[in-house]
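Same chain, two partners: chain A is paired with chain B first, then with chain C.
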Partner chain A sequence: MRTADAYEAFALRGLCRSFRHFTLRDVSLTLPLGQIMGLVGPNGAGKSTTIRLLMGLIEPDAGQVELLGHAVPGDVAAAKREVAFVTDDMRLFGMASIAWHMRWMASLYPHWDQAYAAQLLKRFNLRGEQLVKGLSRGEHVKALLLLALARRPRLLVLDEPTSGLDPVARHELLAELMDIVRDEQRSILFSSHQTQDVERISDQIAFIDRGRVVDVRDKESFLERWRRLSVDIPAGARLPELPGVVDLTLGERLATLTTDRYDQDIEGRLAAAGAQVHEVQRMSLEEIFVASVMRSRQGDRS
Partner chain B sequence: MYTVNTKQHSLVVISQADPRPLYLQVKEQIRHRVAVGELKAGDEIPSIRQLAADIRVSVITIKRAYLELELEGVIQTRQGRGSCVAENAALGDSLKEQELDQHLTAAVRAAALLRLKEEELIQRLRRIRRGRTEDAA
Partner chain C sequence: MNRSVFWALVRKDLYLQRGLIVGMLTGGLLGLALFVAGSVYKAVGGAGVAVGGILFMTANVAGGIFLAMFTLLADRKELTRLFALSLPISGSRYAQSKLVGGYVAFLIPWVVLTVLAAVVFLPSPAPMRGMLVYALLIQFFVLALFSVVVGALFVVSSELASGLLILAVNILFSLFMVAINQPATIAPFRGPVIHWTPFAVWMFGGELLVTVLAIFFALSLAARRRDHL
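After this line comes the complex of A and B, so read on.
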């Protein structure tokens, strides 16, 4: 049963789950309908565990999961009719063709769109008669994506969807994903190491490291908070205390600092201390990603 | 030889190699189209979701670009009827002036890095202007 009239694509509240060598702690994430969330984090950060908890494939030690307004795992069957999930370790039947899998999906899911599936075959450069066992890794991923997309799901969950895809296939996939959110009721969650893809199409960015959500906010304010400043320090001037300094390289006359609490005020404070801001650089999601992970690792060592 | 395509003129083209953030690329390109008169007062522009899907850039990025264009008076958004270029005859000129100011601000910043005096900067500007007139002659 749906819990309310107004609901989210998904809501994770206070999820905890311990394994022998890894613990996911207090993960809370919410995605409104019609939006795309990109999940980023280094290997082993907990991205796939979070996705498996969301899909009801494993149970949390504590916390609640809601998928399109349905409680998970209690009401997971109802939710899954409208949710499609792809991870690149999924295996199709080796002896069967792509077309066979398409007929199989059509028999399982009432919203299956055969015309769209046929279009996707062309766009992904696949042929229906190809046997799964003869597919390359990239073709296998494309076949999985095709089978998920043509179900016309309300929520699409993708774990590393672009890994193993060539640039042309990636381009086609991003176009299909953006086509989904033309509809304000459809949503996407995807995890990726391709920070360029995440930066380009996500509305929300969730940053996970070592089993915790380090930061989650809308992409525009996420990127707006990070800057790298190059500062000239004339003789006699000193660098003032600044908020949110993630990294600082200090020479005799020159400082380079990275902050995750940027506002115009910082430049004023530097000027007041006699230092001159030479350059303020924006940072790509990839640079932010590396800077945050380095910070959290340094914090552990000291 | 190349073919001239007049129908499928995409409103915005995004470059991954452009150092400017995506929202700014979207904003500047729409502004430029208005400034040169490719888009005229009252012309409709695509809905946020439509443009997002067309150029494969997140909805929130297009939203931010449209919001800023609206605050600057370049476009108008009518509830439930999408967006269009604002009705304002002087718009094109003032936008071109804004663009010029942006370039000049960048020049002033570059001159400061080279520690040029104001007079030296103005001399350079004069030299460049003269060069252009001679080229044209």
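After this line comes the complex of A and C, so read on.
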């Protein structure tokens, strides 16, 4: 294993995997240590498949996976020592209690933090003696998260972790996740279609759709580069060629354009062409995501 | 650590299946007690022997099927496999741990019941002693059936297929009982001497071969699998 400075939290290079009705194509993603990556995509986009490949649960047809410096699937057991993975369709053992699970995990993980586990138990309003089969969906997710967080993993991989959580628990979880990455050696991969959650905590964001990574960059760059402009075009004036126009809706005099390469120069070029910019709107991550996916799908069709 | 995770998973299976293990043991012991009581006390008589024998075999066969199902099929159906695979263990080692967990859970009551069945026949009056071979043939047939179910569950995942598997196991066991209870087959076992007839030798060899092949099949399948869910 290499030294901590020499590797990323994970690196996926050119991953491909075909199933009967779905194909994951050429997925490449890298997360440096100490960062949170949000993996955003609609249902069936390939988020869970990507995560399962990362965790060595399924093997790729082509491409390479590196997890905390270990090759996967070859060295997956060593890699998973410092990785915690939670997904919304994961279940604990129904006939055992939460306390049994905590003791069992403590026996497996040398870094298990019992005090932190007890604190989370209280915060999540769970009781140790509760049998897992009697837990509600939200309680079950909280128990899974407790067992993952108290391992003190260096990489936390969460596949749709907030589904099934009430707003308070969701808020607490996100705060907890942000707290974890205060330690610069800890990282999180977080998949969701809840763009508000991703926008709130991620450093990097990857959009995935129909088995392909549509776009990946740091959050600030997404939010700074995307704008929706309302432009008044007087008679005789024409819209100039502008960079990165993703969507253009033309009315009689009013045009709405969406660009992913916004800078002050665009307004100057519009003004020079006789058009008047009424409004420049910042876009939410959800709007950026939808526009990115639509552009990608249009590209597939043309 | 991989080694400790492996055994932790085996221990977990034993803990979760403890009810079934105790149930199989209790049913088998009760059956054996009734069988002995029927052999010794005239008041209990043939009914005790028959009911005891059926209870003993049912505990073994049903216990084996349930243990295999709950150890190997339930973790896929109940999605606990994903949680277990999040632990520091590879997919093929995890499959091996399920195999070992299933066998240990089954062998604990099976060994106790087989040894006790042997103890019942060995010191018994001379006319009963030959039945030791009969008892061993049944017990090893149950072990072979368990191994077939375990091997099949490494491939089968649907409820329909697992239902058909149980049906096939029951039919196989019934056919075996019909074959072993044919007058010409069982007669040599009723004697005072332990007599390994050609039928007994071939059957015993076949049972061991099926057990070994089923384990080998399950292990090689686990080693080759690309998807571990």
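FYI, the second predicted complex is superposed on the first by the 291 of 302 C-alpha atoms of A that agree within 3 Å, B and C clash if a C-alpha of one lies under 4 Å from a C-alpha of the other, contacts with A are read in each partner's own complex, and residues count from 1 in each chain.
The definition used in the following text is that a contact is a pair of C-beta atoms (placed from the backbone, for glycine too) under 8 Å apart; a residue touches a chain by one contact, two chains touch by 3 or more.
Keep in mind that this is a model prediction, so the values were computed, not measured.
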Contacts of A:116 with chain B and chain C, given as first, second, both or neither: neither
Partner chain in contact with A:90 - chain B first, chain C second, else both or neither: second
Which superposed partner A:203 touches (first chain B, second chain C, both, neither): first
Residue contacts with chain A in the superposition, chain B compared against chain C: C
Touched partner set for A:56, first chain B, second chain C, both or neither: second
Chain B versus chain C as contact partner of A:7, first or second or both or neither: neither
Chain A-touching residues of chain C, taken from the complex the two chains share: 1-2, 4-5, 8, 12, 15-16, 78-80, 82-83, 85-91, 93, 226-229
Contact set on chain B toward chain A in their complex: 16, 19, 21-23, 49-50, 52-53, 56-61, 64, 113
In the complex, chain A residues that touch chain C: 52, 55-59, 73, 76-81, 83-87, 89-96, 100, 104, 107-108, 144, 148
Complex contacts: residues of chain A adjacent to chain B: 34-36, 174-175, 178-179, 181-182, 184, 196, 199-204, 218-220, 223, 278, 282
